[in-house]
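Listed below are the structures to be examined.
Presented sequentially are two complexes of chain A, the first with chain B as partner and the second with chain C.
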Partner chain A sequence: MAVYKRPATLKKNPSGFCPGCMHSLSTKIIAEVVDEMGQKDNCLHIVPVGCSTLNLVYWQGDILGAAHGRAPAVATGFKRTNPERLVFAYQGDGDLAAIGLAEIMGAANRGENFTVIFFNNQTYGMTGGQMAPTTLIGQKTTTTRYGRDAETTGYPMKMCELLATLEAPAFVARYALNTPKGVMEAKKAIRKGFEIQMAGKGFSFIELLGNCPTNWGMTPLQTLEYMESNTIPYFKPGVYKDKYKDEVK
Partner chain B sequence: MAKVLVKGNEAIAEAAVRAGCRFFAGYPITPQNEIPEYLSWRLPEVGGVFVQGESEVASVNMVYGAAASGCRAMTSSSGPGISLKAEGISYLSGTQLPAVIVNISRGGPGLGSIQPAQQDYLQATKALGHGGFRVMVFAPSTLQEAVDLTYSAWDYAERDRNPVLILMDGCLGAIMEQVEFPEMKEPMREGTKNWSLNRVEGVHRSDRLLTPYFPEAMLEMQNKSRALMVKRWEENDVKVEEFMLDDAEFVVVAYGISARVAKEAILKLREEGYKIGMIRPITLFPFPKESFRKLDYTKVKGFIDIELAIPAQMRDDIALEVKDRAPIYEYCRSGGFLFDDDGVYTAVKKILDGGAK
Partner chain C sequence: MIELNVMLCKGCSYCIKFCPKKILELGTDRNKFGHFYPHLTDEAKCISCGICATICPEGAIELPEKEKEEQ
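Moving on, here comes the complex of A and B:
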C-alpha cells in the first residue's frame, strides 16, 4: 500500500519551483487537504502574482488568476456570487503584506467566507529577492544590500497579529514549514480553515513560514536552521484567533 | 410600462438591475454616489450582491471575481476613481471577462473638481488601462438613452468577453428626467457557461483556467483576435445620431450633455437660416468614422468640436477623418463650468460668421 502519493489536485507537471523551496511543500499539503475533503471539483484556487503564480501550472482544478495583491478582492466577488464553492487564495508576502494590504484587511474585516493562505518567506522571490514587508531586520536582500535597516525601512510586519485585532475573522494561525511537526500542524490548520469556510462561518487566514534558498543565498538545509533561529523567534507560530474553537473541529 | 421621473445615476442603476446585473462593488466618489447608494438596497431585493469596497482598486477586482463566475457585474466611479480602476479594467480585458464600468465624469486632471466635465474622453477611448486593449464606450445624452445603453451593455460585453464603459458626465448623472424602464431580464449565466468558472449543470469541468497571464504565442494570438474584434465593432456596432446634416455647411461634433445643449443652439441658428447640423457619437469607441466619410466636402465649410474639456480631446478623432478637408473649430469649457444655450449659440454664431467670410 502506498503511504505517499501525488495528490489528485496536483497536475503531473514537473516543478518549476527552485530546489528546496517550500512553495512545493505548501502547495502539496493544500492539495492533500482538498483531496481529503473531497473538494477537488468544488474548489477554486485564486492564483495571485509572484512565485505563487507558478501554481497555474500545477494546480488540478478551477483556477482564477488575480492581479498583484488583489486576490482577496477577487475572491470576494467570486465567493459572494458562488457561495457553495470552496474558495482560497494563496498569496506571498509582497503580494499580501505590501501591495495587497488594503485588500487583505478589507476582506478580513468584512469576514468574507473564504480562506487565505499566506506564504511568508520574507522576500520577493519571483522578481529576484528584493526586500519584502516581512524581511527581518539585518536580512540582506537586493534592495537592502547591507541588511534591512529599521531606521529607514521600518520593521517586519506581523500579519497574523494585525488580523487578529479585527472582530470578524474566524480563524487566524501561523505555522512554520521547517520541521515535520510544523508541516503537520500547518496542514491541520488549513483543513480547519477550509472546514470553517464550508460551514459558512467566515474568514480564515493561515500563515505559512517558508524559505527561499535561491534569494537567501543558502542551501535548503541552511534555510531550515536560519528559520529556526531567526524567522520563528520573530514570527511566533500558533493560533492567533479561533472564534469557533468549540464548534468546528 | 409607464414613464417615471428619475435621476440620471439612479436610472443607470435600475437599468443595470433590469439587465440582470446581480453584483456591484464600488467606492464613494462624487458625482456618482447615487449609483452605489441605490444598488446597496436594490440588489439585495432581487437576490443580488452589493459590496462597498475598501477602494476603487478593490471594487473593480471584486467585479473581476464575480464576472469570472459568469455573473453580470458592474462598478461605477468618476475620473480619479476610474484611474484607480485602470489596473482592474486591463485585467478584465486581458482575462477576457465581461463587465460594465460606469464613469460619471467630472473635472480633471488630478482631483480636478466635483462639477461635471468631459475630461476623460482620451482615457476612455484610447487607454483605459495598460497594455493596449480597447473597450466599447457608450456616451448617452438623455436619460432614456442611458437606460437603453446600460440595459444592452452586458449583451456586448458577453458577446466580446470584454468590459464595456459607459461614459456619462456628472450633469446627466444629476438631472431628473422621464424614462421608460425595460422589462426585467432574468439573470442568466447561460451565455457564459462555455468559459465561466460557474458550475452549470452538464458542463462543469474541474480544470478550467481563467488567467491574465499568457505564454508569448498565446498572448500574440489573443491580441490578434482582439484586433479583429475591434474591426468588427467598427463595421457593425457604431451608434451615432446625425442631426440636420443633409445640407449642412457647418457640422457640430459633440456628445453627452454638450450635444444636448448644442442641439438647442443649432435649432435656433437654423431658424436664422444658417446651414448647420451635428454628428453626435453615441459610441465614442468605435468612433462614427463613416458619418464623416460620407459628407460632401465640396459643401462643408467647417467642423465645430464642442466639449466640456480643455484642451479639446475628441478633436484628434475628428481630424483623422476630416484630413484637412475643412477647418476644425472648437468651443470648449472646463473646470466644471457648463454650457448654456446662449453661450453655445453666441460662440457658434461667431464661428459661422467668421468662417463664412
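Moving on, here comes the complex of A and C:
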C-alpha cells in the first residue's frame, strides 16, 4: 500500500511547464529526494538558461540563475566556498551540450564535488524547437526541416559516454522518464549522486531522457512511444561510471 | 485511495495510461486553467499502488497516510 505526499520542496502553485513536459517530472523527483534526505533548507539548485528556468518560480528553496551553460562554473564557486551545502545544477541539452560544453567538461574533469542533472529532450525547447547537439538523426526540428542529417550537422552527442572516459567523475548514469520504472530508477540514481556528494566523494552526473511535447508536435502520450522507439535505443540507459560502487550504496 | 489536486493537473493522461487497474479516465470538466482532469471510474478497484502518483509530472496525485491506519 503506497503512501505519497507531494514534496514540500515544490511550491504549491502549478509548474510553468507545458502539459506532459518531463521537466516537471524530473523536478518533482529531485524535490522528493531532497525532502527524503532532509536537505530542503541546505540545498542550492542552480539553473542556467532554457525551460529549466521555470523552476525559479516553482522550486521551494534556494535557487540561483546562471548564464547560459555556465551552471557548472557557478556551482564550482558556490560549492568550494560552501562545502556543507547540497549543490546541483539542472541543465537542458542545448545548454549543457552546446553553449556550456566547456563548463561541464571542465567541472567533470576537475571532479568538482557537486551533482549535475542533465535533462535531455533532444531540442532547444524554450526557444521554439531548434536542433540541439543531442537531436537524433532524422529528427525534424525548426532548423532541420527535413530531419537531422549527419553529413552537415554531425551526430547526436552522448554526454554520459563522453564524461565516463574522464578519470575524475565518481558517478555517471542515464535513465528515461517515460515509464514509472524509469522514473523510480532515475530517482534512485539522483539519491545516489547526492549521497556521493554529501560524502565528499566528488562529481556525479545523472542524465534524464525527457520530452518536449510542444516542440516535438506530439501529444504527451505520443512522446512516451516516441521515446521508447527512438530516444532510448540511441541513448542507452544505464550506469556508465561508478567509482565507489562498493562504498556508497 | 488517491486524492487528485485538480488545480495542479494538466491532463497529460500519463496516470491513465499506467494505472494497472485501468480505472482512471479523463472527465469532461476543465480546471480553472482549462485542463481536463482524470477521475476514478471504480474507487473500490483502486489498490493504492501509487503508480499514477509516480508518473504524474505535477505531483497532482497523493495517496494520504490516513489510509494506513484505516486498514
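Everything below uses one rule, namely that the second predicted complex is superposed on the first by the 247 of 249 C-alpha atoms of A that agree within 3 Å, B and C clash if a C-alpha of one lies under 4 Å from a C-alpha of the other, contacts with A are read in each partner's own complex, and residues count from 1 in each chain.
Throughout what follows, a contact is a pair of C-beta atoms (placed from the backbone, for glycine too) under 8 Å apart; a residue touches a chain by one contact, two chains touch by 3 or more.
In this text, all values refer to a predicted model and were calculated from it rather than measured experimentally.
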item: Touching partner for A:K28 - first (chain B), second (chain C), both, neither; value: second
item: Touched partner set for A:P7, first chain B, second chain C, both or neither; value: second
item: Chain B versus chain C as contact partner of A:L224, first or second or both or neither; value: second
item: Touching partner for A:I63 - first (chain B), second (chain C), both, neither; value: first
item: Which superposed partner A:P19 touches (first chain B, second chain C, both, neither); value: second
item: Which superposed partner A:M184 touches (first chain B, second chain C, both, neither); value: second
item: Broader residue contact with chain A after superposition on the shared chain, chain B or chain C; value: B
item: Set of chain A residues, in rising order, touched by both chain B and chain C; value: none
item: Chain A residues touching chain C - in the complex, by the definition given at the top; value: 1-7, 10, 14-15, 17-25, 28, 179-180, 183-184, 220-221, 224
item: Chain A - residues contacting chain B, complex; value: 40-44, 46-47, 53, 56, 60-67, 70, 73-82, 84-85, 102-103, 105-106, 110
item: Chain C residues touching chain A - in the complex, by the definition given at the top; value: 5, 7-8, 10-14, 17-18, 33, 35, 48-51, 53-65, 67-68, 71
item: Chain B - residues contacting chain A, complex; value: 22-23, 25, 49, 51, 53-55, 57-59, 61-69, 71, 73, 87-88, 91, 95, 197-199, 204, 206-213
